[in-house]
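Each of the next two complexes has chain A plus one other chain: chain B in the first, chain C in the second.
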Partner chain A sequence: MSTLFFIFIGALLVNNFVLVRFLGICPFLGVSKQLETAVGMGMAVTFVMTLAGVVTWALQHYVLNAFGLAFLQTVLFILVIAALVQFVELFLKKMVPVLYRALGIFLPLITTNCAILGIALLIAQREHDLIQTVVFCVGAGLGFTLALVIMAGIREEMQFAPIPKSLQGAGIALITAGLMSIAFSGFAGLVPM
Partner chain B sequence: MVNLVKDFWNGVWDENTIFKLQIGMCPTLAVSTSAQNGLAMGLATTFVLVCSSALVSLVRKLVPNEVRIPVYVVIIATFVTVVDLFLKAAFPDIHAVLGIFIPLIVVNCVILARAEAFAGKMPVHRSAADALGFGIGFMIALVTLGSIREILGMGTWFGMRVMPAGYVPWSIMVLPPGAFITLGFVVAAVNLISRRSTATSRSS
Partner chain C sequence: MDVSWLSMISMGLVGAFFALVLAYASRVFAVETDPRAAAIEEILPGANCGACGFTGCSGFAEGVTAGKAEISGCPVGGADVANAIAEIMGIAAPTDVKRKVAQLLCAGDCEQAKNRAEYNGVADCRAALLVGGGPKMCTYGCLGFGTCAIACPFDAISMNEHDLPVVDEEACTGCGICVEACPRDLFQLVEEQQGVHIRCRSFARGKEVRQACDVGCIGCRRCARECPEEAIEMVDNLAVIDYEKCTNCGACVAVCPTNTIHWQKEKPEVKKLVAVS
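Here is the complex of A and B:
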């Protein structure tokens, strides 16, 4: 049980996907201007991440390792993720229209989100079982959401701040992210390595 | 010839992926801990970019429009696998440092963006020139960032000592926060330079 807890906290805070591992920076900078869209994007990423994590975990164990096809990893993972996102989009549209309206516009963007392929590759390197994989994915997804929501909150306030012209836009966003990253580095050591 | 130079320069400066467009940021932030890592990542990305753009351009008339994106992705993923296996065999140290960011070249939006916006419509030589420009531009950004972080964070450049003996390294520069803060200031500096140059070209 404590292992699961450490995996969760490790993915959520200590090795935060955005601020420590640098995965998913594009949506982090692109979709963090409003709190509401940030929450939507975060939820969509968490959802797809968990699904993709489980599917690629199974593929790694039962297909790539079993048949000695490890060199196909990159090609296979990206195709599976792209297909999965398409499938999720169709499924939600048909079956859960409420969720589709909330997450719909973010789904196509997620295919090229390096956090999704990143988590698939990280899981492939680790020796997690299925439950640990799920916990790791949910933790990482919520960590992404947390970073995105904090960033959106700060950026909403920043609209009214007098920022030097050259720093406006990406410049100040990156420096803000840097300061957040310093805060998050305070979590290092929370989990025994 | 003029066209080729223009295509090339577009990626190096006018639409530099990192400085101007701010895409492909994840590898930039993650592997720019030293100038050497930046150079290695830049070379790997440039190779994938040029090869996949050239191949996309070669097959552009054979690929039906509806399935072009999956085809592009498979082409890119193939070249990434080539780079991944080559680095693993020839430079295991660099492969270990760059880690999952080598397979992640697949989802570097720059590569798909050039395939979709340029190589899918243009002849091979122009696509290659365009891809080379974007690759070099990306590499310049990575090496610049890596150099700043390595010099301030470790007092060395490409492993050589450049700071005086009494220099205390700012270790935060090689940690994750340093990546964000350095890139923030570099982007601001580039904005300042391009605003100055447009101002002078307008007034003259």
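Here is the complex of A and C:
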């Protein structure tokens, strides 16, 4: 049980995908202008991450390793991710059209979100069983959501801040992201890895 | 079994599996979309310039079907597209859609407008403007670094040999992106038929204008007095033309001492109905 907890906290905070591993920076900057869409994006990514993690874990163990096809890893994982993102897109378009419109181009771009391929490849490296994989994926997804939500909260407040003209827009967003990343480095060593 | 066969079969099976899942999902989660929106998107120019105020052409098409956008809302497509959209929507076409093109409100190229400093920075008008208001002596005129020409998504603006932008009126779609891009606000969208333009935007007094530029408006008022339609009005030492009244007669062009007023003679005279007050 404690192993699961360590895996979860490790993925959520210590090795936060956005702020420590620097994966998935594009949606982190692109969809963090509003709290609501940030939560939606975080949930979509968490969902895709978990599904992709589990599917790629199974494929890694029962297809790639079993038949000695390790060289197919990247292309197979991309296939899985692309299919899952398509599925999420169809789902959101029908069920939550508001969120679908708010996410816009960033929804299909989850396909190329390196955090998703990153988690699939990390899982392939690690010796996790299925439960541990699910916990790892959910932790990583929630960590992504956490970073996005914090960023969105700060950026919503920043709308009213007198920012120097040369720093407005992407400049101040990147500085904020850097400071957040420094803050998250304080979690290093929180759990035994 | 051979590795290549194995990999082909496994990839094929996984791909086929996901294809089936997605095919099923697309059936289950099918969303009914207005077929008119797709038809409208077909006939739109597809430049996704955003001049209509919507996010791209598909946004505009949905806006039209939802009743949020005018059928003549696409400035790029003009009358042709408006008529086609009217046909799709099954309503009468608007008759008063006139094509607009961008007109430059400055004639001071590098020969005529004098420099007060040498600028060696980034070749961009917005950058040059940050350095003490730009190298030109005239603080209203064209800086000549071609930010508008780069911004134009339709390649309708080119820089001539004297660093002044030239609008290709055939290619111009009136999208207004150059109006936004020019840091000195020197572009104006004008109905295509208008052929007389006062190419100066300097509100400076006549003496200052004379020092800075050979073709600037010095505020002499001769054009305003000459105009039979009373279409020219003086605003702070600058003659401003009212295109609602101008008939392309060219009377003002002859009297302008600085040749600030340009006449596109190929454009015919237009008759205007002006309400008598």
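Note that the second predicted complex is superposed on the first by the 173 of 193 C-alpha atoms of A that agree within 3 Å, B and C clash if a C-alpha of one lies under 4 Å from a C-alpha of the other, contacts with A are read in each partner's own complex, and residues count from 1 in each chain.
By our rule, a contact is a pair of C-beta atoms (placed from the backbone, for glycine too) under 8 Å apart; a residue touches a chain by one contact, two chains touch by 3 or more.
Worth saying up front: this structure is predicted, and the values here are computed from it rather than measured.
J.: By the touch definition at the top of the document, which applies to A:178: first (chain B), second (chain C), both, or neither?
T.: The answer is first: A:178 touches chain B but not chain C.
J.: Looking at chain A, does chain B or chain C touch a larger number of its residues?
T.: Ranking chain B and chain C by residues of chain A touched puts B first.
J.: After the superposition on A, what does A:69 contact: first (chain B), second (chain C), both or neither?
T.: Only chain C; A:69 stays clear of chain B.
J.: Mind working out whether A:79 is in touch with chain B, chain C, both or neither, as first, second, both or neither?
T.: Both partners, chain B and chain C.
J.: Which positions of chain A sit in both the chain B and the chain C interface?
T.: In chain A, residues 71-72, 75, 79 are touched by chain B and also by chain C.
J.: In the complex, go through chain A and note every residue touching chain C.
T.: Residue positions touching the partner: 59, 63, 67-69, 71-72, 75-76, 79-80, 83, 86-87, 90-91, 93-95, 97, 104.
J.: In their complex, what parts of chain A are in touch with chain B?
T.: 19-26, 29, 71-75, 77-79, 82, 112-114, 117-118, 121-122, 125, 164-167, 170-175, 177-179, 181-182, 185
J.: Residues of chain B touching chain A in their complex?
T.: 22-23, 25-27, 29-30, 70, 73-74, 77-78, 80-81, 84-85, 100, 103-104, 106-109, 112, 172, 175-181, 183-185, 187-189, 191-192, 195
J.: For a test of understanding, state which residues of chain C touch chain A in their complex under the given definition.
T.: Those in contact with chain A are residues 3, 6-7, 10-11, 14-15, 18-19, 21-22, 25-26, 28-31, 55.
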